[in-house]
Structure formats: C-alpha cells, structure tokens
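All chains are identified by letter, namely A, B, C and D, in their written order; residue positions are counted from 1 within each chain.
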Amino acid sequence: MPYEFKITRRVEFSETDMAGIVHYSNFFRYMEAAEHAFFRSLGFSVVTRQVDPPVGWPRVHASCDYKQPLRFEDEFEVHMLVVEKKSKSLSYEFRFRKVSAPDDEIARGKLTVVCVTHQHGKMSATTIPQPLADQIEVAPKTLP
Amino acid sequence: MPYEFKITRRVEFSETDMAGIVHYSNFFRYMEAAEHAFFRSLGFSVVTRQVDPPVGWPRVHASCDYKQPLRFEDEFEVHMLVVEKKSKSLSYEFRFRKVSAPDDEIARGKLTVVCVTHQHGKMSATTIPQPLADQIEVAPKTLP
Amino acid sequence: MPYEFKITRRVEFSETDMAGIVHYSNFFRYMEAAEHAFFRSLGFSVVTRQVDPPVGWPRVHASCDYKQPLRFEDEFEVHMLVVEKKSKSLSYEFRFRKVSAPDDEIARGKLTVVCVTHQHGKMSATTIPQPLADQIEVAPKTLP
Amino acid sequence: MPYEFKITRRVEFSETDMAGIVHYSNFFRYMEAAEHAFFRSLGFSVVTRQVDPPVGWPRVHASCDYKQPLRFEDEFEVHMLVVEKKSKSLSYEFRFRKVSAPDDEIARGKLTVVCVTHQHGKMSATTIPQPLADQIEVAPKTLP
C-alpha cells in the first residue's frame, strides 16, 4: 500500500522574489501539488467527488523549515510521506531536494488535513471514505 | 453618477520577482482589486448576491502596457475609469502612478468583463442588473 | 519599546481558491505583510539598506494553525507579536481575527527569520544591527 | 529555425479562485512559463547570463482574450508562436487548448518583451544577442 509519492518540478520565474530565491510561501503550494498528485495516483482527486457525499480536505496545520534556497530554473523533487493516518485526518511530511544535489535537503514541511463534508452550507469533519482509506498507509518510521 | 475610482496600495515583497520589480501578472490583480473596491463603493459586491438571480463577472479581455517598473514598498495609485458600458458588459481602463511621482504613468491596463448567471451548471451572459447599471456611467472621453 | 503590531486588510478575490476560502498559502503572505509594516513603523525596511552592510531576513521556519476560514471581502486583523529575540534571529507570532468577530481566532502563525549579509555571493548570519535591535522588545508572556 | 514551442501542464488547486476556475491573472504566468521553456529549448535562459553583458527581458505589453474557463486538474497546452522579431524586441502569441478538447481554443494571449541591459543601476534597451537572435524565426502568417 502506498505511503509516499514524489514529484519533480522546475522553479518558475513568477515563484521567485526580489531576493532572487523562491518566495517562502510557494513551498506550501509545492507541498499541495505533491499531495494532489498522490491522490491522483490512487485514482482519486483531492476534490473528491467519487464518493457520496463528496468530501473536501481543508488544511488545519502547515509548517516548513527552510535550510537552503531554491532559485529560478532549479529542478527539485518533493518527496511526500504519509506520517499519520487517523479516522478523519491525514498528516504528511515533505522533503525538498534539488535534482542536482539529492543529498542536501533544501526544506522539510508538514501538512495536516481533515476530511470534511459540506451540508446545508456548514462544513463538518467526517470519516475518510473507505475506498480511499484502504489505499493509504503510514510510512515506516525508520525511513531515513 | 460614478465613472471612476481610485485605490492606493503599497507593493508587497511577495509581489516582486527576481528582477527586483513587481511581476507583470500582479498588475492584473491590482486592476481587479480596484474594480472590486469600485463595486463596494456602489453598495455592491462583485460576487453580486444582492440581485436575484446572483450574477458573476468573468473577464473576457485583459491587457496592460508597462512603461516603468514598480518596486518593493512603492506606494502607487490605481485610477480606474469606466470606458464602455453595454447591456451585458463593462470595460474599464486603469492608470497606474506612483504616489511620489504622480505625473509619470507607470502602466495602463484594460479589462472587459461580462455579466453572467449560472443555471444548471452552465454560465450565460445576462443583462447587468438595473440597480447596478443605474449607478455606473461612462467616463468622459476628454479626460486626460 | 515595541513588541507588537497590527494591520487590517480585506480578502481579495485572487486570494481565494475553488473551495471559496482564502488559500492556506496566503496566510504566509499576510504574516509577512504584517512583519514588513512593523519594520516600517520602526523607520526601517525589511530590505534593510539603512545599515552598512545591508542585511536581509530569510525565513528559516514558518507555521500556521487554521481554525476557521477567511472568505472574499472579509476584513481581518493580523496581530503580530515578537516572541523571541536572539542576537541573529527573531521569532514572531501572528493572530488572525475577523474585524466582525474579534473574539474568535481564525488562525495562529509563527515565523522565525534570520539576519544575514551577502558577501561574495554567499549569505551568512549576522548580528541584528544595533539601531534596529534597540527598538525591538519581546512581548510579555502573559499576553492573552 | 524554431518559431514555436508547446508546453503541457495541469491546473493546480492554488491557481483556481472562488468562481471555481483558473484566476485570469494566472494565464500570464502560463504564457511566461512557455516562453522560458522555449528559451531553454534553444540552450538559453531567459535570465540570459550566457552573453556579455547579461540581458533581461521585461514585458512592455501583455494581453489575453478568454473564451472558456480552465478548471482544477484540467490538462492544457500552451502553444507559443513568435509573431514579431525586431532588433530589440520579440512578440509572441499564445494559444490555450485543453488536451481533452484540442479543437476548442480556451484563450489567446500576446506578449511583447524588450531585450535590456543593466548598467549603473539603469535599464536600457539593447540589440538581441546574435547567438540567440540567430535561432529565432517569425512564425508563418498562414498558420491556422
């Protein structure tokens, strides 16, 4: 069962700031892009209409520790790991590395998302749909 | 009747790029911010729920000519003018100036937006609601 | 001596996502906007050219806990507090509240920034310039 | 000699707005991404340090006509064509199509960029470096 996913992308000009590096807020967009690609790899969309009622995944916690900058046209990998799986929430860890220097971690992030349904205009936490939950495993703690 | 509106804002760090200036795509966010403040000044929101059925305003044309750059912490004015008013669409012109040098135009933009309703998941152009249309006038052509 | 700062802003359309709420990454832009306004209130820019050599402030840690969503046109306050002051770094806490419901916290964030100089293309941590350090105090722990 | 380039990408969640579609300003980021990939395909970066003195490419004109919306997870193609080549500037046209419906144009954009050098803190237009200019051709007008 899958507990990790990797995407590779290249820094775009519009993601840099006047310090010449990727603006720190964009690392959170990169994390989300990896999460959504992970969902697609399981046959789901994060806008989960394949289950009834449809569920959404608002973020309740996000964090990132920055070690080295990313610059324009750098190719980098976002390695996502499922680090916690509860009945109504998931937590992921994200490790950023440049393709040209895979031994140096650029940044490490974390996201916690909650599974919710919308009824009568109100959002409430709900159990992760079984067909999705069945496919997600927590990564082994011994992973380097 | 109003045909113009002005907002003043200050360039934020996250709006700059590695060239040290405001990324060109952000001028389109600035234009939209001026348009929405104009709507609010008339007692409406651009997410127009005050009329039945609610209407939206997708953009069908956007353009900008850039003359000088804007930099971090520059204070600038966006001067919006209504330049065309049809039964189902509006066109605006936007003039950007630094507060510290109001005689030099930084950029000039244009937006055309269409009034639409959503029915059965489909979007179709509709007449601008009367209470809003009654309040909007086209700016005189002689405006410098 | 100042240990806090507040800014008020209004959610812009371009800051929302298809879930109808402010995209979670934008809270980090809001935090930074508050930090930069705090610096300006002390007579400094975060692009600190008033000292020799000039210093910059890369982020080494960022986090946010989300409790309630912010929506288009919501007016909200970002209340920034200095929670740690070391010789070469500062940590801030940020409390988000809607102007219309000031008793409910929308989100709470944290940033740690390091003071750096650039020499020969390399970035290295440096002591916070005295004229700036002299003006910044740590907020009392008893603050509600 | 190359006069066109195509990239394919997928709409990300953070690129949508509360109307459930890609925010109109993001089409300008997509155009730029295609331009930069075109430069890379020629062995150059748009941050052109391979020539002496280095040159930059500020935008002087940008426009877009929007025909249909793009939604989350849509795969789309940006087809870039060089439509004008002057000694100091280039103009491109951009045609947006969904991969799933290649016969319908989603949007059509245009960019004009100027080749500049920076000297003593001032930016001035300069002739496009020969090694780059030699590789770029104007697309035939008969292209559908």
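Quick note on the criterion: a contact is a pair of C-beta atoms (placed from the backbone, for glycine too) under 8 Å apart; a residue touches a chain by one contact, two chains touch by 3 or more.
Bear in mind that the values here come from a model prediction, so they are computed numbers and not experimental data.
Novice: Considering C-D alongside A-C, which chain pair is linked by more C-beta pairs in contact?
Specialist: When the contacts at A-C and C-D are counted, A-C has more.
Novice: Compared with chain A, which chain's mean CA position is the farthest off?
Specialist: Chain centre farthest from chain A's centre: B.
Novice: In whole angstrom, how far does the Cα centroid of chain C sit from the Cα centroid of chain D?
Specialist: Their C-alpha centroids are separated by 34 Å.
Novice: Could you grab the centroid distance between chain A and chain D? Build each centroid from C-alpha atoms only and quote it in angstrom.
Specialist: Centres of chain A and chain D (C-alpha means) sit 29 Å apart.
Novice: State, to the nearest whole Å, the distance from the C-alpha centre of chain A to the C-alpha centre of chain C.
Specialist: One centre to the other, that is 24 Å.
Novice: Check each residue of chain D and list the ones that touch at least two other chains.
Specialist: 13-14, 18-19, 21, 25, 29, 32, 47, 72
Novice: Give every residue of chain C touching chain A within the complex, in rising order.
Specialist: Interface residues on the chain C side: 18-19, 21, 24-26, 28-29, 32, 47, 56, 58-67, 69.
Novice: Mind pulling up the chain D residues that touch chain C in the complex?
Specialist: Counting only chain D, the residues touching chain C are 13-14, 16-21, 23, 25, 71-72.
Novice: Please output the residues of chain C touching chain B within their complex, sorted ascending.
Specialist: The contact residues of chain C facing chain B are 12-14, 29, 32-33, 36, 40, 45-47, 72-73.
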